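Going in written order, the chains are labelled A, B, C and D, and every chain counts its residues from 1.
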Amino acid sequence: MFKKALVLGLAAGLAFASTAMAQDALKIVYIGKNTGNPYFDSITGGFVDACESLGCEFEFVAPATAEATSQIPFIEAQIQRGVNVIGIAPNSPDALNQVLEDARSKGILVLTVNGDITGNEQYRDATILPVNFDIVGRDQVEMVGSLIGYEGEIAILSATTEAPDQNKWIVGMNETLKADAKYAKMSLVATVYGDDQPEKSTTEMEALLSNFPNLKGVIAPTTVGIAAAAQVVQSRGIADKVAVTGLGLPSEMRDFVKDGTVKAFQLWSPYNEGWLAVHFALGVIDGSIKNEVGSTFEVPNLGTITINANNSINTQAELTTFNAENIDEFDF
Amino acid sequence: MTTLRKIFLRREAGIAVMIVLFCLAVGAVKPQFLTLDQLRIILLLTPLVMIGAMGQMLVIVARHVDLSIGSMLGVSAMVSGMLYRYDATWFGVDMPWWGGIPISIVVGALLGLGNGLLITLFRLPAIIVTLGTLSLYRGLTFIISNAKQIDRQWIPSELKGLAQTSPIMGIPWIIFIAFGVALATYFFAMHTRVGRQIFALGSNPVAAPLRGIKVNQVTLLVFAISGALSGLAGILYASRWGFVNPSNTGSGFEFQVIAAVVIGGASINGGVGTVLGTVLGVLLLGCVSAALPLLGIPGTSQAAIYGAVILIALVIDRSVRQQGIASLKRARA
Amino acid sequence: MTDTAVAPLISARGIGKTFATVDVLRDVDLDLLPGEIHALLGENGAGKSTFAKILAGVHRPTRGSIALNGKPVEVTSPVVAQKLGITLIHQEPISFPDLSVAENLVIGAAEDGWFSRVPWAEMTREANRLMDLLGVRIDVTRPMRGLSIADQQMVEIARALASNSRLIIMDEPTAPLTPREVETLFAIARKLRDEGRTIVFISHRLEEVRALCDRVTIFRDGNKIATDTIGNLSDADIIRLMIGRPVKEYMHKTGATIGEVALEVEGLTLPGVFSDISFSVRKGEIVGLGGLVGAGRTDVAKAIFGVTPAASGTVSINGKRVSITDPSQAIALGLAFVPEDRAVAGIFRTLSVEQNISVAVPKQLAPGGFIRRAVERAMGEDAVRKLSIRLASLRQPIGELSGGNQQKAILARWLLTDPGVLILDEPTRGIDIGVKAEFYSIIGELAAQGRAILLISSELPELLALCDRVLVMSEGRLTADIPRSRATQEAVMRAAVPRRSTTEGAAA
Amino acid sequence: MSTTKTAPAQADSSPVRPRWQTLLIRPETMTFMLLVVGVFGGSVLSPFFLDLSYILRSFTLYSELAIVALVLTMVIIAGEIDLSPAANMALSACIFAWAQASGVPIPLAIVIGLLSGLAMGALNAFLVIGLQLPSIIVTIGTLTLFRGLAQVLAGDKSIRVPEWFIGVDKIMLAGIPLPVVLFIVLAIGLGIVLGGTIFGRNIYQIGTNEVAARHAGIRSARIKSSLFLLVGLVASVAGIMTASRLGSVRYDIAAGGELQMVLMAMLGGTYIFGGRGTILGTFLAAWLLVIVSTGMIVANVLPAVQLVVLGGLLIVAIIATNLIYSRTQR
């Protein structure tokens, strides 16, 4: 293994020396939030497959824990390794600014993938998000509405109080509930935060049920939250009274869907994020794609992709809904 | 004559009173806190901490501390999780759903034994050794799992059922297991020779070898028990939460457990600690955890509360000891 | 009782013990018979306790052999001793304060397995029976912590009974007991003897020895001097045998003129430790402070020096009342204190000799805040020359030196502070005879320089030879102030032995 | 009673070890050798590793912890330990950031941050020296408390600091980032204090034998209290430096830093039971830790392996240090 690392290193070094030769030696790295996060396995799959088909070198690295600063030494190391593209799922919207700026000043293309540094967009070249996050709130409200007959009390069980994506979606949910007469009989009674920890999410869910005995539905737009909420409902045996939905991973939710605890939930294809990121990055580097708002490009399997405001790119237009019929088709 | 005894009695009574007062206070604001259903919620929050606290109490009684329990929990849960994930066979038979229970306990015991060996062989302070193994064992969790989470679908449903199905009164198995462990710890600590030797060792480590107590062996046993109980907590984590994650599973466990144990009256100077006190300490923390979301207090204050509670318990412990010394002086004078 | 036909329980032959380079016990032969109470007598440091500890497995003998019932045995540890049926009862018992009294009786003793049940009810019953036997009322279910020393000792005695020991060694057991408790203890001891057990009884109280014991063995300077039936010896004989050595002509100080009062102590009290201590030491005067170990001498010294300040009373230096709550204040006032236990309170074992010498004079060592190595070396070399400290290098860890040279280094440390008042607590303990003599002349010189010296010592000849006056403490009180002219070993001894048991006929 | 308590001493004629031997058998020598091995290993593992400016840049990421570790070394030599400074860094950084975000001018906010760090040190000192509680368990408690208070204060959000305040690590002095310069300067300063002044000497003496130190007139309570205060103060400096480096503050900055700090001190040969250790050792160990960590990261070694290596190093370091000390000195 030692030898292999040495050879790889040498090879990489040589490649680095001849960057002008470019494309087949391009190095892409994706830095996840933390290791052991099942979500990133799927994204990584997209990166790996795309790099295989297009011919580039790919590596996935991630710190052991998801603290705000834990990704910094990894970015430093990748700069030092002379990679061409850094994709990153940022652990903090602002703690990475300085080091990302360093990376870009070295000519590295910086993409945030599956999460953005909202408010600090100038420190990355583009962001690749699974869907247009503006529609997530709306779709989720529709989803829970359809499950409870558009009538009754609902609550939101989110991740952390400051989670930027979730907060954006929650704003969307509130606006949708207010604006659309279809949801007039639904009332959002509480928004609570489980900090993406199973224990905390569970106690928050239990507290919701205690505080609001007439609760009809819960939206948990976070994978940890929806699993915890589903488990509470399952163990209390109240699936017919309280509908749980939100954003979840099929692999984590399969059991709950099959036993009827959860009728339906949504997500997108993380795989496609990786797939798209590689195609976009290579295109930008070889000049075939212009990284400008409004320009379009073709990606195999995904069709025509448009670069939206803030250099934001989405892999799909709508959320995918998982239910008992289709859940076995997904393996992530 | 028995003032000290009364103080210790008061200690446990004191925690019980605190629990009651706390619950009444919360109940005054949120009446639903005083329902049987809420009791179930509180109890469901406690089993892992209670099991870990039993081991930690013994360690603290023996005048040591074990910071690595969260990581031992992680490794032992992960080993079982991997066996479930890859459909291990036992001597030609598919691993039964309960197979993870003995496996996790044994893995935990071995890891704890590792701590104990480093501590006794090289005469190292437990806190530094377990600070090291806290990191080392966490790394092991990543390595054996290849940094992959064991998902819900791989955990046998019977195992998950332990946290959901109930033999009686709607109280899940897992709570009975926790109280069973507490009861077993009580019998071990109070009614076996070696249990008493742990208290003797912590009470006066210098005298212990003079009285024929095999200090090294007892120390090894204590750390092995701490590991084994962490292992049990590990497999029950898989049961309770339905997954095993290399990064999250068990992280921060040590602080909850140490907080519960010191609230329960175990003395960091060794020799003092009761199962009842520890159980009450666990329940008090459980009440606090359950009450916070009900009252709408952000969960971010939980760590601060734990920290304050540890320090307050230390100061109380000291003033109790001071009184003891004062009464000793009076007796001498 | 001295029937020679009885086979001895214990036969010790040629027992010797050397600590570091000092022989504390030489070639002791002693037979202990079943069914006798045998007293070990001697001055502090005579070797009787060391011998007892060898029997009990606390120390391993350097030379010699022990036979139990005629069979040679190796008493390698207290646990082994216990198994052989030998129990040592310490004056300040070792116990597990958090365990109950009943548990303290049996913990570690049981042979059965780790996980076997603790028979609480049976244990409590048995403990109560033993307590009844001893005639003490102790709740056996309460924790040991908080018991008085006397009660703890009773528990220890009960423990020996619980393990059915055939040889019970009591090291000054009566010191903390009330007369009634002493009587109870004696009754128990006699009962045990009549059961055929052997009791070894170490005490300073002759009248107790006479009341209780069958035979006595007298130790002096690490040698066994005599063993005889108690009836054959008068008190005067015993005292003569204990101190019998002719007082050596130590070099006494020359030409010191005794000046004004340098240290004056008035009504110093620390409840439970010592009370109402008043005395003074003049410039150029050497004042001895004698008494038995545990009489509170060291505590008084620590109180004066500010290590553990007294609760009430006053200290004056050169006529000025001072308040000392920390040793640094004492040092600033010109006090110096060579503590009794060198390893615990004196040396920094792993640090260099130099550092150990220069530690008390930071201002001389580092005038500008930075340590001057040259100054430090000069200090060290000076001390080595003046006190003839034997060492390989000033940079060597002080732990590598012999006890005597360590003590010289500590003395050198204090001489650098040029103290007006010097308190020496057992300065010659554990030091070779030859080096001792050097110390005596140094102490004499220091007094001659006009320093006031308070010398705490358990060695009577040392006190008598060096001191202008001898103060004696007993059980926390000052019991005598004897001028040099009238100071005899007997006089000091009489004041040192607790009052209620002094016998009128003790004087020789 | 007799001489039983006197510990056995060597004969006077015990030979003195040759100077070269005492120099060679020192923990610092071990650290230095490991450092050489680390540099060599790192450059074998990855061709991108051996680049001074990269190593210096990487060092800035650890410089705050390393600076605190220098002071922590003194605490450990004095026979105590402090596990709370990493949490102190987070809390004082949060207090600083929160103060300036609520309109307090930056210089005043810095003062507030430093004072809060000092107050945290004072709390530790009060509990350990005033109340005579064991520092090891006290600082586990304060570690939880400080981190928890930081979380209460900042919640889960980042508190930004003004643009001009960002980038202490980008300031170069002679091509060396300012935090690294600070670390080196502090190391030299503390090295002189510890090795050349009475204060430093007293720290060793207290750690070797506190009873004897008191008897020799050393005010151990005062010295130990001042060390806890110093750790608190320096931790808050480090916390504010972290804020400047990151441009924002969260409650979880320097999370787990206590392990790294203790590791730096232990790897440098500081004796866990007090009385021995040097600033030089910790200085070398800080570089060693950076070399090992960045070497592994740049070679894309799994973070898991890094955890194992760090934990393992800590245990190996204390075993080795204990062995070296028990061999060479009694």
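Criterion: a contact is a pair of C-beta atoms (placed from the backbone, for glycine too) under 8 Å apart; a residue touches a chain by one contact, two chains touch by 3 or more.
Given the structure is predicted, the values throughout are model-derived calculations rather than measurements.
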Contacting subunit B as well as subunit C are chains D
Taking CA centroids for every chain, report which one is farthest away from subunit B.
-> C
Could you quickly compare A-B and B-D and let me know which has more C-beta contacts?
-> B-D
Could you put a whole-Å number on the gap between the CA centroids of subunit A and subunit B?
-> 36
Rounded to the nearest Å, the gap between Cα centres of subunit A and subunit C is 76
Taking each chain's centre as the mean position of its Cα atoms, how many Å separate subunit B from subunit D?
-> 30
Could you put a whole-Å number on the gap between the CA centroids of subunit C and subunit D?
-> 44
Multi-partner residues of subunit C (each touching 2 or more other chains) | none
Would you mind listing the residues of subunit D that make contact with two or more other chains?
-> 155-156, 302-304, 306-307
Which residues does subunit A have that touch at least 2 chains other than itself?
-> 35, 62, 64-65, 161, 195
Full enumeration of touching chain pairs | A-B, A-D, B-C, B-D, C-D
Note: in the complex, subunit B contacts subunit D through residues 65, 67, 118, 122-125, 127-129, 131-143, 147, 246, 255, 258-259, 268-269, 298, 300-308, 310-311, 314-315, 318
Complex contacts: residues of subunit A adjacent to subunit B | 34-38, 41, 62, 64-66, 161, 192-195, 197-200, 203-204, 206-207, 210-211, 227-228, 231, 234-235, 249, 251-255
Considering the complex alone, what residue numbers of subunit D touch subunit A?
-> 44-49, 51, 54, 57-58, 61, 155-158, 160, 166-167, 169-170, 242, 245-248, 250, 252-256, 293-294, 297-300, 302-304, 306-307
In the complex, the residues of subunit A that touch subunit D are 2, 5-6, 9-10, 12-13, 16, 35, 59, 61-65, 67-69, 72-74, 76-77, 80-82, 92-95, 97-98, 160-163, 195
Subunit B contact footprint on subunit C (complex, rising order) = 77-79, 82, 94-99, 103, 107-110, 112-118, 120, 139, 142-143, 145-149, 271-272
